[in-house]
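Alright, structures below, take your time with them.
Each of the next two complexes has chain A plus one more chain, namely chain B in the first and chain C in the second.
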Partner chain A sequence: MMKQTRFSYIRGMMRPVLMFMTVLLFTGMATLVLAETGAGSAQARIAPVGEVRLQGQPPVEIAPAAAKAAEEKAELEAAPQPRRADYPNVGMSSRAIVWVLAQMHLFFGALVLAVPLFVLMIELVGVYTGDERYDDMAHEFMKISLTGFSITAIFGGSLALALFMLYPDFMGYMMHVFGAQVLVYASMFFFESFFLYVYYYGWNAFRYGNLKWVHLTLGLLLNASGLTIMVLANSWATFMMAPSGVNEVGAVVGNIWEIMKGPLWNPINLHRFIANIGFGGAVVGAYAAFKFLSTTDPEKRAHYDWMGYTSNFIAILAFLPLPFAGYYLMAEIYSYSQQMGITAMGGILAWLFIVQAVLIGTILLAGNFYLWSGMSRTEGSERYKGLIKVIAFVLVVSFLIWVTPHTLILSASEISLLGGSHHHILGPLGIMPAKNIAVNLMLIATFLSFQLYRRSDKVATVRWAPLGNALLIGVYVAAVVNIIFLGVYYGYFTNTVYKVGSSVAQVSTTLVVIVAGLVIDTLMFRNAKRLPSHWGRIPDRAQYALFALPIAFTWLMALMGYVRSSVKTHWHVYTVMKDNSPDNFIPTIGYAGNMITLVTVLFLLCVLFMFWVANLSGSRQAKPEATAGGEA
Partner chain B sequence: MKVLFKTLGFSLGLTLLFTLVTYLLPQVKGEAPVEKKVDLSSLTMEDFIALGDDIFHNKGTCTLCHKPAPLGRAPDIEGDDMVAESAKRLADPRYKGDAKDAEGYLRESMLHPSKYVVAGWGKKGSNDSESPMPPVDKPPIQLSAMEIDAVIAWLEAKDGNEVTVALPTAAAAAEVAAGGAGGDAGKAPAPAATAEEALAKFACVSCHSLDSKDTLVGPGLVDVGSRLTSEQVRQSILDPGAVIAEGFPPAMPTDFGAKMTVNELEMIVKYLAEKKG
Partner chain C sequence: MEEQNTLGVGGRLVAVAIAIIIMLAVFYGLDHMIMGMQGLPLNPDLSPAG
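After this line comes the complex of A and B, so read on.
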């Protein structure tokens, strides 16, 4: 009865909330459309990029010396420098069109790349444990993402079409630079599709014994082609940020390998690889949560609870190393071009890292909340109730430190007073050190939650257990003290050069905690006594964490894509090919927010469609009575 | 269905919450540099300095790094007196560059940042042998020689130092004038087309007689071409205090350098140098 009343209470709440959301959504869309068509601002958008030049004189040549060198070798062809009039005008922002298509393609690409990766892992676990439930779950993960491959291809095709139509000079140049590599990329699709269909449809046909190994090999080949596709595509993005294999005017001087292997290629490969797994885990988690909420059958609830738990496990596990990969990427950007690094972290884009903070905070809080709620599954979790309150406190405080130090609302005149981005008093709190302390503490707290969860159904039996615990507590305390000290000391009392260095030390500290935690627990819980645990025994509200996770991930991904693209400022290919289109400015963060919300909602709808199709295959219409009667 | 609506509502709500966060932040656009036409026939030193100021803060993206402490990632060249700083740099035994004066040092810092790296600001791990600053004449900053001059002019002028860079060449100016391109009239008084017009515009004749040796406030100029070379004429206009003709008070305005266009100055100098009495 309790439940009944709570539900109707929530339902009562839901309606006004939903209506409010709808209104918000529509106003959002309306402003978006207005911004898009740029009513009245057409003139403003047409101001060309330029240099100061003498009236009546021809424009200054770009890097004339290099151009002369290019002339000497006849076959060298410089990057085109299109004028504004060379860009087709379709009556709305070309960038917005490409933005939406590219992001949708990336979302689905990331999803279908990631799912087979962890599906293969789960399948392997199934083989080693001999527990068929793993095998079935892996198969189910494949099933629900299957339509995603077609959706990826559809958006990919539309994106290519849009790019060639709207940015012909740029695409011409990219094709010229990458040449046959693009064909390799296209051909990989055939391999990918082949392995995908055989892997998926052959699941039950190749299920046991040696055939299982054939199946696993197929999965490996599927992943190999998927990863190849990803790194090939990444090279285009990184070439645009940090061109290599071309000279100062963009003429190709290196071979395709030199072109691909730019300074940012591997950092992006790594960061995307990890992020994609987290993203994929988060999305399939939403499926499990939805199925869990939709059924009352305890057996099904147990199954989907377990599936949701596994998804969350994958998402959070992939998430933990992400900031490290992020630092690596950022550090490589700085060393490639200080200018670009500072454009990202210190210029007008700096504000957007507050949004990143909110999103990462959401992910961490949701992941933790889910873990804590999940402790109700086991009987040994009572022990940790007190600690969880502490973790929650640390998380929330760190989160607030991360977000609040910047003044949130500034008037336009205040901004110009501050020289664009930083407040002279609040600014120091907003720069990385304070935030770094918070981020690392949040990661440590999350890992602690995770560790407690893993411990909650076990009791250690080794004799040195108290010593192990003391050691672990020591590691945690030392790490926290070290992180705070490093952040405060290097952050506020030395100059900028050391700040980046100190964040590396902080991050390493966090890494040490994670490794120490894993090692100590593995040793300590060998042959541990198992306490009973019950899948499905988790409150409904915990499932909402599994929705918050993919939404925040999706939003985060789109947001970071905006950064990646914006740090190039008014260049198609940084330092080599200028962007002279009407959209060569960095849009305001509010505009970006609208675009990101648009793509997130579109993605949500497509994912719903994908899940719906997956469910169709499992249902069969009952034979209509009438027809049956007619036959009789 | 109920579950669908609830979960969808939750997801949309969260999405909108994130959108809201972006609305709370300052809405700044990162404009691409906008083309600026410089009409030499109406360019004054004041304009040129203002141009340097603008390039420093916008197109040059210098303020990305050059900001006051603690936010700066480079010396605060806007706040410091760079002519004085340059003298210190040149006196530093570590200095191995080719510059002899402040102008040279500033230009060298922009074109070859690694020639001399200010202590403590070098690339990490390079022990101050490599500057993180990109050469400003190369992409992505890509300033032209004239723009670099303008920045130097501004760096010198902002602390009241003498501006040593010359305005863009008069030869180019003459060509521009011949081309008859119309500047943005209305903003500043229209540039004079002839030397006579220019002399009238700057009211030279209210102090100098042009057709006699009679002294009004200043000396008569009818024979000035025989007394001074055109170089000296130019100097007397730009920097009247340098050499004061005997017996005259320092009454001549000192801001002609800033007010006259390159073209006007050249016309006047030429006209006067030909006046040999």
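After this line comes the complex of A and C, so read on.
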């Protein structure tokens, strides 16, 4: 009774506190936007103070005209153009130092932003289903990532120090351009930390009834502050690639909103948001695999098998729309600067897109293999096993098409043997239309694996099930025909504009398959007969697919992050502020490959540390037995 | 374990064939719509009209 009263009291207290915090958060954000835009700007509010008006007289200027002109000039200050000597020399490549720190910060930042996103969703599923296992799993996911928040902050602080020390002029300019926005960014960390700790440590205190909704609200606010941090930081990266709100010499002419909302801001926001979720799912999946392999207790194996499945589900589901977000980003890059687009996909960096294809192929093959292995959990999967071979065939052939390069590095004798620089059969597979077909077919095949997996423990009881299945076959067959037709006809037999435009129709076809598949299955398996599923009954080798996923994801992020940053070539801020440091060139592919591998290995070592710490919190040393001498 | 099959083998094949035709028509319309939205009109035989 007393306990209930205390909870009621806490609940009564928490509501106004939470409401106050929410209002505070959003008022702060609204004030920032108002302060920096249009009528509500600080200038507009301060201006009347500087004017003295006498009745019947024209306004008198207090500040002399010369001072006003100097003030305006100071405001329209061009971007600095540092010389080579202006860059401090610390005895090793400044770019390499910043590269490692920035990439490590981004890896952990991505992880700790993503995990609370899907944790909140899992918690919500737990509330709606009333199944406490979801709640426990969500809590465990948070436990794994908790150390990640500190590591993110450590690398973030180190990165800031390194940037200010090694690139003082550039950082001075960025501070001048973004002004108080960086303080808003810093203040968001306070909000995020506050919500994070209350959300994590209050998990069991706010577990049932209305308090659960308080807890979910905290999770929502944690994610709101995390996403605000992400989009603010993204605006710095996109300003460097495609500056806005400044004139041709880099002088600030727009307000902070115009500076932030450059042409690449939203494409990057979308791409990073989706990619982070996939990445976070892959990393926590590795934790589940590690725990699964390190225990023989059937109950624990069942739990970690389920956890691994959920992580894989999150990672692959987020991964499916990612190529489309990538296309959107590249299309915007081309729209902003064709030169920049060609540097990315037609110059030295183009070869990295072949490596990207290998890594994405690895992710899809590993994800599919895990699903096929997981089908052994239920006897119902026997019905679909024949289709796995077809899916595997489509995946492998599409993968091979995707990794086929357009141009080859050949000697003179090889060129004469080949009859030209392009292979007469494989050459056409090296260009985008073939790759667009391959990517879309791989995504459709992966979705089919998902669909079969989800169907394997169910038997439809609705009368129209055979018609539903026929419709689904129709959707898949017609979609494959349409994707191949669009790629081949518009890709090879019409002009470039139609070639590019047809890729949008291909993507739409793939999305139709995904939506139609989900809708038909949802309706068809309503009140379906459930077959027993045996969590934990999965081959050990399937767990190695869960290890492959975060490794490939990490490598991919490092690779494509490097490409995104390199398209600026010898500019700190594209076309506005030149990079005159000794590293103002695109490094060789080999050097970049080594750096990318180094940061990937470093991140994985830190992740192992994170897993170890998460494991440590659940361990307790046995009390030493007293020896004969009475000493422990 | 098998789903209740209210159609025979022949009926299933007919249903699948009809479904494929319907979906091909749907994608035909989708191609026209998506390309048209991008300012790239198509002729009825799907060749570029622009």
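Rule of thumb we're sticking to: the second predicted complex is superposed on the first by the 528 of 632 C-alpha atoms of A that agree within 3 Å, B and C clash if a C-alpha of one lies under 4 Å from a C-alpha of the other, contacts with A are read in each partner's own complex, and residues count from 1 in each chain.
One rule holds for everything that comes next: contacts are C-beta pairs under 8 Å (C-beta built on N, C-alpha and C of every residue); 3 or more make two chains touch, one makes a residue touch a chain.
All of these numbers come straight from a predicted model, not from anything done at the bench.
Comparing chain C and chain B on the residues of chain A they touch gives the larger count to B.
Contact with neither chain B nor chain C is seen for A:Ala622 once the two complexes are overlaid on the shared chain. Shared-chain residue A:Ile342: touches chain B; no touch with chain C. Of the two partner chains placed by superposition, A:Ala180 touches none, neither chain B nor chain C.
Legend: residue contacts after superposition of the two complexes on their common chain; A:Val358 is shown touching chain B, with no touch to chain C.
Using the contact criterion defined above for the overlaid structures, shared-chain residue A:Ile551 touches chain B, although it does not reach chain C.
Across the superposed pair, chain B and chain C both touch chain A at residues 495, 497, 501. Here chain C touches chain A in the complex through residues 1-7, 11-12, 15-16, 18-24, 26-27, 30-31, 34-35, 38, 40, 46-48, 50, going by the rule given at the top.
Chain A meets chain B in the complex at residues 10-11, 14, 17-18, 21, 24-25, 28, 47-57, 60, 62-63, 248, 286, 289-290, 293-294, 335, 337-340, 342-343, 346-349, 351-352, 354-355, 358-359, 362, 408-410, 412, 415, 419-422, 424, 427-428, 431, 495-497, 500-501, 544, 547-548, 551-552, 555, 566, 569-571, 574-576, 579, 584-594, 596-597, 600-601, 604, 608.
For chain A in complex with chain C, the touching residues are 379-380, 383, 459-461, 463, 465-467, 469-475, 477-479, 481-482, 486, 489-490, 494-495, 497-498, 501-502, 504-505, 508-509, 512, 531. Within the complex formed with chain A, the chain B residues making contact are 2-16, 18-19, 21-40, 51, 55, 59, 61, 63-65, 67, 70-73, 120-121, 123-124, 132-134, 138-144, 146-147, 150, 168, 172, 175-176, 179, 181, 183.
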